[in-house]
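One chain, subunit A, links the two complexes that follow: it is found with subunit B in the first and with subunit C in the second.
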Partner chain A sequence: MNYPVWDVPFLGSGWVVGIMAIIHIFLSHFAVGGGLFLPVMEAHARKHGDEAMLRWLRKHARFFLIVTGVAGAGTGVGIWVVIALANPQGVGHLIHGFVLGWATEWIVFIAEMACITVYYYGWDRLTPERHLKVGWLYAICSWLTLAVINGIITFMLTPGKGWAESHWMWDGFFNPTYAPSLIMRTLVMWALAGVYAFWTAATIEDLDLKERVLQVSARWVLPAYVLLPLLGGWYFLNIPPVSREVLQVGMAGAAAGNFSMATRVTMLTVMSTATIGVIVYFGPFRNARAFTRGMAGAVAVVALLATGASEWAREVARKPYVIRNVMYSNGVRVEQVEAFQREGYLPNSVWAREYAGLKGDTALARGEALYRGQCVACHTWDGYRSMQKFMAPRNLDSARNMVRMLRSRDPRENIYAKFMPPLAATEAEGEQLAAYLYQRAHPGPAAVARK
Partner chain B sequence: MIPLPIPPADPLPLPLPPVILKALHLLTFALHLLAVNLGVGGTVLSFAHAARGREGDRDLVRRVAPLLPPAVTFAVTLGVAPLLFIQLSYGPFFYSATVLSAFPWLALVFLLIAGYGLLYRFVGSVASDRFRLWSGALASLLLLSIALVLANMTTLSMRPDLWRGLAASSPHGTRLNLADPSLWPRVLHLVTGITASAGMLLAGWGAWKDHAGAREAGLRWFIGATLCQAAWGTWLLLRQPEAAFRMLLSGHAFGSLALWFGIGCAALALLMAIPASLRGAARKAVGPPFLLAQGAVVGMILARDQARDATLAAVGFDPYALPFKTDWTSLAVFATSLVLLIVLLTTLVRWVLAPVQAGAEARHD
Partner chain C sequence: MSVHAWLDDRIGLADFLSFLRKKEVPDHSHAVWYFLGGMTLFFFMMQVLTGLLLIVYYQPGSDASYGSVQRITSQIEFGWLIRSVHSWSANLMLLSAFFHMFSVFFMKAYRAPRELTWWSGMGLLGLGMGFGFSGYLLPWDQLAYFATKIGLDVMEKSPLIGKELATMLRGGADVGVITLQRFYALHAAVLPVLFMPLLLLHLWLVQKHGNAAPPSVTEKKSVPFFPTFLYKDLMVWFLCLNLLALLASLWPWDLGPQADKLASAPDGIHPEWYFMSQFQLLKLIPGKVGPVDGELLGMGLFGAGGVLWALVPLWDRGSRGRLVNLVGLGAVIVLIVLTIWGYAGVAGKG
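Presenting the complex of A and B:
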């Protein structure tokens, strides 16, 4: 822990990132999908001289501009803010490895913003041909933002073979999940474009127009509907076997009788997709005239659920790493573990020493510093993945055994190795950690007296 | 003495020489600031004129307000780049400061989204008879309060000696770093600077579109804010960390020259703006102070950067000493996309500025 650690009570920093990310993805995927939606619909309307549809499209473009420009871009900055708070080492490493990738993403992002601004505000100023061209340019730019960022996101799960040695951006960029992920996300984006169009189309008063718009929009959902299962399989085959296993059996040893992680996520995704399918077919497609905002909202909520479930699965698959085989979720780099276990974590970690020092540098204070440095990235004390809950049933010996086991990097000895990083600390530090965890979970009279 | 808790930099080399990264950092920051001056400063000015509500004011607001949302979009977009560069070159300081003051830093996102959303509401209302003044007021307030968040991060990142105390008093990162004496003058300096620049941009717009009311109002804003700035600016200077203060007053360091250049430009701009505003703000009287005001901003950006480096040098950090290994392929990709961007932007601007189609103006809503 070279950096201070952001300790978010109850929720944990991981969930702060998760919430921000899911909202952002929901909005930004709309931006990309809608990017194509706008010019395609405009071309369609212009070809058929459909003035009514053009007027609606203009309103939709305004909605689009506000949703993506305000909330989409705002949460985009939000992602930057929260990931750097939750994992400064990880973000610092990614930025160092991919600066020029981010910089290129930024260029494309500016182009995207310029296009949508001109597209909306230039509705009357530009000739129809030029206006449509700007729409196509927007579609291209917004898709490119995905194509660039996708290299970095997929790198974190599947860094590919060469990067660890070369540290050359392109060795990491085009990694095994790049292509399946790109195609999958593109389809999801088109689907979301349709879903958002339902929202603005639901209140169209001219019923003929409403029907035209809704039926066309429903078609945008279709490709994702048909192809996603196939692509999902392709993606799944390309993630590391360990992640596959974790997804399949679930984390805490697949408690007998419970649904496994993968089953749950798959069920959630399948159910939500099926629901979307049914609503879309019987709503916008068959009964467009009777379609309401409420139904549109329902589709959007279900789509958000599906987005959330699949992003969450990706996160689970990446545990215990931020960058697979390079850096663990708690900021310890894989290559550092050995030295830390030999020389100690505190001597090697500026802020672990600092936190211990703030509490008098006692054995317990050092244990707490270790907890903060290596565990808080994934656990909270009494909320999400509560350490209190895990520790309450254990006595001191059992706490010690657990921590001892965590030091091992051999999955046969350490049953947690698949989802928790090895404890990068000396044996003595491990004892301090165990003592701290035990004492805090069992605040007996001794602990009260200490206060 | 216990050493200051400054984390080591990331072990990966930078992909470009630090000097180049610094240049890009400052360039993108300058562009970001320009958009902020336009978008945020413009929001404040528009709200103020809308609130005064005379016929001339309302006309001005109607014409200027539609420019604001896109300006804020660009302020956000352009701001991402300096945020990236600062993490790259000053990671140990940036990350420590943001984590130690995490919740205020996170508030930035919500202030931005709420302020920007309300701005749309305000702007959407100016075409009608009833301006949504509350939305305008809140939008101005929320967007301006981002200055506090940023000033908090900037000052905290330069003061590793204060980190320990903040970590002890605020273990979850809920507090602002009020212990820094330069925080409030910095916020005032920022807010006033944004207002002054927005005034000058308004005057410039008035010269371009030949709108006398805009020229006059803009110059007045610039004059008023810049006069205040003389007070806050001095205050801020006096509250600089020791090393920065000495450097800024040295009279020969680059940062010192930049500061005096900036002050000189601002003073000269003021001297020209005052008579111009009194004599009906003629169109050609706006150009020279306009350019000088931009010069002042550039000077301040450079002085600010040098003050930071001087402060960090005092704790043993040198951004130019970071290891690098130039990555030519990525650089080529980046450069190509930059060229394409410039082509795209010029094309778009050309299209936007092309004469409007006959009859199209009437359809404006």
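Presenting the complex of A and C:
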């Protein structure tokens, strides 16, 4: 089966998914971390009879409800929309593979929404004990949403040996990176709970209260600060060696040296973490009274950057697959490659064939259909990973050779095999693709003459 | 004896700290603009740091330049990072310097006794643009070569000493190895030697007079420089550092094909953004306006505008406050419109 292609000019569909995902993660992780933050703080305040803090907490709960219930849930739907557009095959595969998982996710999510609504609106109506119980229930449900989705997300990167043999859902679910990822994300969520609390605490007028709240909130950031490097190492050891290699050597041959994903992501992570450390130490810890919204915003922006960097690394480690060893980023399943290379991509792909047909079914039109079907999942023409730029220095022969090489699945023959899927098409289709790419990058009569 | 006490005995640390604690920075709703000078300073320090590292591997020369930059980006450990940060930070330094200039303009911080602060600032901006122009040629790729060629041609048309200056910089009739050599000397020796003392003067004057609060602010509130303002300043610097790391990671600086004098200029060749408004103005003015050469007129206009701008502390007198604001607003709009127009004109061509 194949679907229409979502061609996002300049940015590429991958970035649209990425941006949406990073925003959603930033909000939804707050939903989970903040879910624990609320009852813990409430219990703390009640134990010490701290009425002022309870009043602040109520305001914070309102902020929490709006951020997670509206923006968090909204971007969650947004993710479904964009991934369904960007990679319908991948989404289809995940839905089929994890029916029970999705059903569970749906139920705990509904329970989570119900709890937070009761928690906020029942603030005065419930007895303190009962209110607190609802809070704890919320914390559990929201954490379960993570525990479920984490199985599916980590499956995409590391389906694991067990699943490869059994194809049993739970083998895929509890895959090699399930545990490290779950713990890492939980810590990040606690840290984000602290970061968001800085935001509402920054404008507290009672300076004593402000100091109390900020200093307690700062402690939520601490575990992630101390443990993430260790957990990151554990996670790294559990991803497939090929992915490790991709992270370490970086992309393509052109920019060698130290220009690797691992270096770049490590740098961004170290830098953003250090920044958060400095701001949190000199702010909420040492000068809580002078802490401002601007500073809280700065911490949030940097935390967003850190989130983005780590999600980006995960994304790159998965290349060239959406689901490792199962499906490539362009929606071609690994098991289909051989048939496509023998029988052709267009004969097996309704939408691509239609597309070429609409454009007159010429050789160039077929090349274009192939480009859209197998390349625009990762390349744009003149923006991100610009094909124009890659093709400009090549002549027709060199474009042909490149495409011919792409058909091979052997990394010794195909130097791109580590980060690009093999071209799943016949040799003749490959020629059409090369001709199309070359023509489009060298428009005008000169190109034809040179041919 | 503690380190603190040891240092205190020798350099008077306690005096210094208590001095910093007494120093005040005005606090009002426009106070965010006070960060801009510090940001410019931060980016300048990054320039010095990364520049010194680049000097270690950079070699001027018609083949050497390109080769050495290629080596820096692809072989030297972290060379790509240093080079990308240097290029990004250069742009951000000028960007924040422009914002800084306009903010002090609208806060009327150039008024007595801060005229010299204003003038030294103008000088710094001019030298900063000189850094940008001379640095751009150094990789000696196609874009650098042709952009510099056009830049010098424009300079040639400027009134008064334009022709002499252009010839001197170029070192002959054509942009070539001598030009490269001279630009390197300018970029890595002459300009720093001029910039540093001027910067010290600027900072000393700022320190001497303190920050000016805009006339619209009547309530006298302030925060101590140490630790409150310094902490915020530091935070902003850290944010800038993050921004640099992000830009360098996501969009590492490019290196085009090696300069080839015989090739035709790439389509849509244009100068860096901070010269774009002049460039566009020259494009708009016809070749001859009456008896006067169009380009000469254009550069003359720009020059006159610049002089008027620089002299604002002298003509902002009495009740001219509103007029000055209008002039400032006009200048901002003209610069922005011309720059965007310039980019629209070359879009899709290169």
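Assume the second predicted complex is superposed on the first by the 436 of 451 C-alpha atoms of A that agree within 3 Å, B and C clash if a C-alpha of one lies under 4 Å from a C-alpha of the other, contacts with A are read in each partner's own complex, and residues count from 1 in each chain.
We adopt the following convention: contacts are C-beta pairs under 8 Å (C-beta built on N, C-alpha and C of every residue); 3 or more make two chains touch, one makes a residue touch a chain.
What you see is a predicted model, and the numbers here were worked out from it, not measured in a lab.
Of the two partner chains placed by the overlay, neither subunit B nor subunit C lies in contact with A:339. Touch criterion met: A:102 reaches subunit B, while subunit C stays clear of it. Once chain A of one complex is fitted onto chain A of the other, the partner contacts of A:278 are limited to subunit C, with no touch recorded for subunit B. If you count the residues of subunit A touched by subunit B and by subunit C, you find the higher number for B.
In the superposition on chain A, contact of A:268 is made with subunit C only, not with subunit B. Once the two complexes are laid over each other on the shared chain, residue contacts for A:290 go to subunit C alone; subunit B is not touched.
Of the two partner chains, subunit C is the only one touched by A:302; subunit B is not. By the touch criterion stated above, subunit B contacts subunit A in their complex at residues 2, 5-8, 10, 12-16, 24, 66, 69-70, 73-74, 76-81, 83-84, 87-88, 91-92, 94-96, 98-100, 102, 105-106, 108-109, 112-113, 116-117, 120, 163-164, 167-168, 171-173, 327, 329-331, 333-334, 337-338, 340-341, 344-345, 348, 351-352, 354, 356-357, 360-361, 363-364. For subunit C in complex with subunit A, the touching residues are 32, 73-81, 227-228, 231-232, 234-235, 238-239, 241-242, 245-246, 249, 252, 257. Interface of subunit A with subunit C (complex): residues 254-259, 263-265, 267-268, 271-272, 274-275, 278-279, 282-283, 287, 290, 294-295, 298, 301-302, 305, 393. Across the interface of their complex, subunit B is touched by residues 2-9, 16, 20, 66, 69-71, 73-78, 80-82, 84-85, 88-89, 91-93, 95-97, 99-104, 106-111, 113-115, 117-118, 121-122, 124-127, 130, 134, 137, 167-170, 350-351, 353-355, 357-358 of subunit A.
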